Each structure stands twice: as C-alpha cells, then as structure tokens.
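In this document, chain identifiers A, B and C correspond to the written order of the chains, with residue numbering beginning at 1 in each.
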Amino acid sequence: MTKPILSLDRVQKNFGGLMAVDDLTMNILPGQICGLIGPNGAGKTTVFNLITGVHRAVHGSIRLGGEEITFTKPYQITRLGIARTFQTIRLFPNLSTMEHVLVAQNCPAQHRPQDRDASQQTPQDEVRGLLRLFGLWEVRNQKAVTLPYGSQRKVEMARALSTRPRLLLLDEPVAGMNHRESEELLAIISKIRELGITVLVIDHDMKFVMGLCDYLFVLDFGRKIAEGTPEEIRRDECVLEAYLGKEE
Amino acid sequence: MSSYYLDLLSAFGINVLLALSVYSPMVTGQLSLGNAGFMAIGAYVSSMLTVHLHVPLLAALVLGGLTSGVVGILVGFPALRLKGVFLAMATLGFGEIVRNYFMNFLEPVTGGAYGFRGIGDTPISILWIWSWVVFFLIFFQFLSRSRLGLSMIATHDDDTVSELLGIHIVRLKIGAFGLGAFIAGIAGGLYANYYLYIEPEFFNVWRSIHMVLFVIMGGMLTFWGGVLGAAIFTLLPEVTRILHDWRGAFFGVVIIALMIARPSGLLTRGMLRLNGESGGREVKS
Amino acid sequence: MFAQQLFNGIMLGSTYAVIAVSFTLLMGVLNMLNFAIGEVFMLGAIFGLAFVKMGLSIYVAFPLAMLCTGCVSLVIERFSFRPLRNAPPLVPLLSTIGFSILFQNTAENIWGSERAQFPQWMEPASFHMGPVLVSSTELIILGAAVVLVVGLDLFVQKTRVGRGMRAIAENTETASILGVDANRIIPAAFFVSGALAGASGILFGLSFSIVSPFMGMEPGIKGIAAMIVGGMGNIRGAIVGGMLIGIIEVLSVGYFGALAKDFAVYGALFLALLIRPQGILGTLQSERERI
C-alpha cells in the first residue's frame, strides 16, 4: 500500500459562521492526477488555501509525504514541494515570460523523484525545458501580461513548475480557454506526470477533468460527497444530484 | 571647469545618490517619503565624527552611512506591516521626527536649529561625490541583472505570490530599505562635506518628496530612471531659467501630466533590455 | 492651567478635525489619499482673505471661499482621479503631490511670501468659562468647526448624495447596481472635501492670525496623521483624531516646550501605525488575500 503524498484528515475550516470545509478526508497517491470537483462555492479553492497555508484549519491535519503541514506558512510550503496556480491569474506585470520562470527558480532543489538525473541539468536548461514544454519559447522576452489569456495560464503553470514541486495544485487551469487550448493543456499536464509530479486539479470543465484525472473527489457545501475514478463518479447518484443542471 | 559647472555636477551627483536611495525600497514596492531623514543622519553623524573626533573622511562617511543603514533596518521591520499609503505616511513621520531631533537636541555639538557650520575647511572635490556615484551605479547594474534583482521586482509586483514562490520577501524588503537608508546617509555625508554647512530645516518633507520625484519621473523600475530624474531636476532648472519663480508650478504640472500619460516614468525596463537578456543569463536556444 | 491648555488644544484640534474629515472623506469613498488637501486648506485662507480685502464681510467671504476651494478640488478630481482610476494606488497620490507643488508655487508667486492676517472682524470680548479664559472669536470659530463636521456627518448619513457616497465606499459595483451614479457622486465628494479643507484653512487663519502660501504644509500632514490615528475613512474617527492631535500638540508644548511639539505629534502617528494601523475607530478590513 503506497503511502499517500498528500493526506487531509478530517479537516475543517469556517469563516465566521460559515463552514467552508467540513470534516474532509482525502488521500492522494504519488504520481496521480486527481481532480477536486463540485458546484460553485463547494469549498474547493478553500481546500487549496488550506493546503498551502493561506488559511489555517480549525480542525484536522494535513500531511505532505507523512510530514505535518497543517500550520506551515505559505512560503515554507513551497520549499517543501507544493506549488499552485490561481483561479484569477496572478502574473507579475513587469516581468517577461522567461523572467517568471527564472524568478521561481529560487527554491532549492526539492525532493523530486528523478533528481538524480535532473541534477545534470543546469538552471538554464531547466528554464529552456519548461518554456519549450509549454510552447512559450518564442514569447519568452515578451511581458507576460501582454500574452493572450491561454498563454498567460501557461506562464502561471510554468512558473509554478519552476519551483520543482512534487505536488502541483492547479486552480481552474483551463478556465476561459477554448477547446483546442484545453486539449493542449491536457497533454502538457500528462507530460508533467511523467516528470514524477503529482497533480491536483480544480475545474468546472467536466470533459477536461474526466479526460485528465485518474481519481476524483467531489465536494458539495464543504463536504466530500463522493470519491473514485471518473467512471465511478459518472454513475454516482449523489454527484448527479449535486450537479443537476450544472454539467456542461 | 568653472566652479559653476562643478557645483552643478556635484549637486547632480548627490541627487543621483538620493534617487538611488529611493529606488532601492521602491523597487521592492515600498514608497519611502522619509529619506531626507536618513540623509540627515548620515550628514550629522559624519560631520560630528570629522569635526569633533577628527575621524578621517572616508571612515566618517562610511560610519555615517552605516548609522543610517542600521536605523533604516530598524525602521524597516515595523514598516513591513504597512503597505502603500500607510508606509508612506510612517516614513514621512519618521523623517520629520529625525529632522526635529536634530533641530532640538545635540545643539552644543551640531548647532541645533542654527545649523552646523564649518564642517571642514575646504569642500571635498567633486571626485569624492562621483566615485561614490559610480560605485553605486556599478552595484545596481550588477544587482539588476542578478536573480536577486528580479526577485525584488517580483516582490514589488506581487509580494504574496512572490512569497509563495519561495522568495524571502521579508529579507528583501528590509534589506532594500536599509540599503536605501545607507545610500542616503552617504549622500548626506557628502553633502555636508561639500557645502560645509547643514541645518535641520534642509532635510524636510519637500526634500524627501523631491527625491521620490526623481525616481517617479525618470522611471520607477530601473535604477537609471532615478539617474535621469535627478538629471532633469538638477540640470533642467538651470535650463528653464526663463520660468524663474514658476519652476515649481511647471514641475507640478509635469508630474500631473506624467502620471496620466506615463505613470511608471520615462524609462522602462523594456527600453534598457539589451538583445533580450534578462536575469543576467543568456539562455541559448 | 491644564484646563486652559485643554481648551486651546480643543481649538486647534477642531481645525485639524475639519481638515482630517476632508482627507478621510476621499479616503473612505475612493480609497485615495489627496495630498493636495493641505494646499487647498491654504487656498481657502488665501481666497478668504482676498475676499475680505475686497470689502466683503467675513460672513460672506467664508462660504464664498469654500465654494472656490470646492471647485479647485473638482479640478483635482478631473486630473488626479478620473484618468487614474485603474492605476496602482500610489499613482494618484503622486499626482496630488504634483498639485500640491503647483498650488504652493502659484500662490507664492501671485500672493507673495509674506504672511498676512485677517483684519479684525468683530469686537473682541473675553470671558471666563470656569477656569478657562475664552474669547468670543474663539467660540465662534469653534462653533463653526462644530457646525461643519456635524453638518457633514448628517450630510453623509441622511442625504441621498451622502448615502451614495457611503454606498460607493462599501462597494463601487454594488453601488452602481443600486442606481448610484458614481459620475455625479464622486465629484460631489471631491467638492465637499475641498470646501471643508478651505473652511478649515480660514478657521485656522482666523484663529492663529496666519495667512501665507506656506501655511498648508504642516496642517496637511497633521490632518493625515489625525485621519490615520482616528481611523481612515471614518468621519467620526477623523474628528476624534483631529481633536486628539490638537490636544497632544498644545499639551506637549505647554508642558515640554515648543521643542516637543512635532515629536509628540509624529510620535503619535508612528505609534498609531505600529500598534493599531486601523486607527481608534477604524475596523481592520480583513486583509483576506483574494486568492
């Protein structure tokens, strides 16, 4: 039985009187691409915020590779190997595409599985590699905020990857993208998996999520109402009920 | 070279240092409206050292700068909690407190409100000023092409995300603040030893605001911006003699217009990017 | 002795309160620090004195000057706010610094650098209120300040325009959905802010017999300090802050001498920012990162 790379154990978070995340238990195995889905307001982004230390859980514990990270501060989280992107794109208005990737290289090498081979790479190689992976090489010197929306999302992801995470949290990565762009991103994320990085994705695009993920967790009103493979979820009664009318 | 031009270039040099002292915190997203206070500390400390303790000039300058720098770091800590307007006001208050301090205390040593006269017998040569200027320009050139320099701009753009990327924003911000204070202190010491007279009233809010304007006009995100701004402010008034007493109004209007038309200032990072390099590394295809 | 100082502090504090309200109005409604308010304050006194010199009675010159400074403030709105709505917040601040320089230099050139004072505008009469010696002019000035701030508070609470300002302060988008016309309310806010600043300048000029192009710098900074100490964006906070700063200033001069004056005031500002940046009456806007 493989040890989970990320586990949430009965995590709870409220904001004032509002229960945003309620008794949530989730286990993610290394190398998986997992999806966190649910209707709007189900608490998905809050879960991300809890994992990355932006919010503090009121109850329960969060563990990364066995290590307790429930109370770890955001910048420490990155050092431990978790990177994330945001629902609203937060790029640096004054930095070029390449600079976004460069500036994130600050993080010392993390416990990535292939670090034995990866250590052969120079920092420049890594930058080049990431830019090429995302097809951003041509626009590397352009100010990132001037790029089309889809490319901006890619820059965000490239930046996150530059910190050499072992776990990547993607918050609505294909929001606002057209079909072709989402397909492109799907392929890229699969490649990321090959690098040994575990991925947890939030998105509303069912087609994307079902096509991408190995395993899904479904939230509604802060509670987990189902988990399983895409096929299992597709057939789950509770999920259908929660999503009535919401599926694309 | 006639003494008129020497004076002009010396003033220009000191203004460049002052601009750099504002640029350093500004590029990490901190607006300081109190750098005249740091300038004052450097001016008074180095003058007290040379006049009363006969410390050699270079040592006195550096000690003056270091005193400013240390105070800057001390102020920088609580300043971290403040953003934008709050920080600007806190630094403004700080600058005023420093000015008041030198106005009301240490009178036997520094002449208090009446000013500190006779700092040395002869003014330092312009080379003193410009060696420091060149030194700092080279320093910032290296800094701007380094990873650290990039982290500073990232912090300026979005410190929350920067922190999430592993950038030590606390160290960066405090360090930048302290560095700015150090440079202002050096500028103060040089000023004192060039003009041989300082008084607290000189280091007032307008002085701090002028320094900030150098950077705002010239370009906020590249250190050359402050150089350009200092040039405009120092050299242009001489050119705009015709405006006479209306120079202030003219500059006011220029600032207003600039904020509408080109809020990041005249020089941008893009302009100075030579053949696509960034972060000091040439990443080959 | 203490009571007298306290009263003097209240007198000074009342003018600071008015200018602090002027700052805080724009801060609350638009999240904007208008650095030029100190100079608008000065222009109020300058205009007021000019009108009086032209032969108008002070009771006419006062509101007329307020009208003028209100209009000056509209100019600031047109150039420092409207075109810069989406700029990072420091940009409008810097633009108002430009206006500050512009106004001060212009006033200096047109008016000259000497200080002037308001001619005597009523028969001086003093009387005792308990241990405190009070002059009738002081009482009227104090009364005017009270009328102004109370008037503003009522304006913001009860009138449609005032409520519109509060709505925009809460949330600009929601406000427009509720039918609040920002394009009218915002200039109104600037106008009111400018009128108040000008009024404060005249009151100051009357109280302390100073009218000069340089009179606005310190009160401006102290007004900002008062706003911060009392709670940004909070009108009642500004009143409290203004009174506090005035009282601190006078008491520190009284007990520690003139040297201590600025220390006490800026020290208070510094402490406030360190200990309780949201001010006495301000509430800490939950700085929840919108991630």
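Everything below uses one rule, namely that contacts are C-beta pairs under 8 Å (C-beta built on N, C-alpha and C of every residue); 3 or more make two chains touch, one makes a residue touch a chain.
Keep in mind that this is a model prediction, so the values were computed, not measured.
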Central chain (distance from its CA mean to the mean of all protein CA atoms)
B
Quick one: which pair of chains has the most contacts?
B-C
Using CA atom averages as chain centres, what separation in Å is found between chain B and chain C?
31
Could you state the distance in Å from the CA-based centre of chain A to that of chain C?
50
Provide the C-alpha centroid distance between chain A and chain B, rounded to the nearest whole angstrom.
42
Junction residues of chain B - those touching two or more other chains:
160
Touching at least two other chains at once: which residues of chain A meet that condition?
86, 90
Would you pick out the residues of chain C that each touch at least 2 other chains?
289, 291
Which chain B residues qualify as touching chain C in the complex?
31, 78, 81-82, 84-86, 88-90, 92-94, 96-97, 100-101, 103-104, 160, 205, 209, 212-213, 216, 245-249, 251-256, 258-260, 263
Using the touch rule from the top, collect the residues of chain A that touch chain B in their complex.
52, 74-75, 77-79, 84, 86, 90, 92-96, 98-99, 102-107, 123-124, 127-128, 137, 140-141, 143, 159, 163
Quick one: in the complex, what on chain C touches chain B?
33, 79-80, 83-84, 87-95, 97-106, 108-109, 217, 221, 224-225, 228, 259-260, 262-263, 266-267, 269-270, 273-274, 277, 289, 291
In the complex with chain A, residue positions of chain B that touch it:
147, 150-151, 153-154, 156-158, 160-169, 221, 269-270, 273, 276, 278-279, 281, 283-285
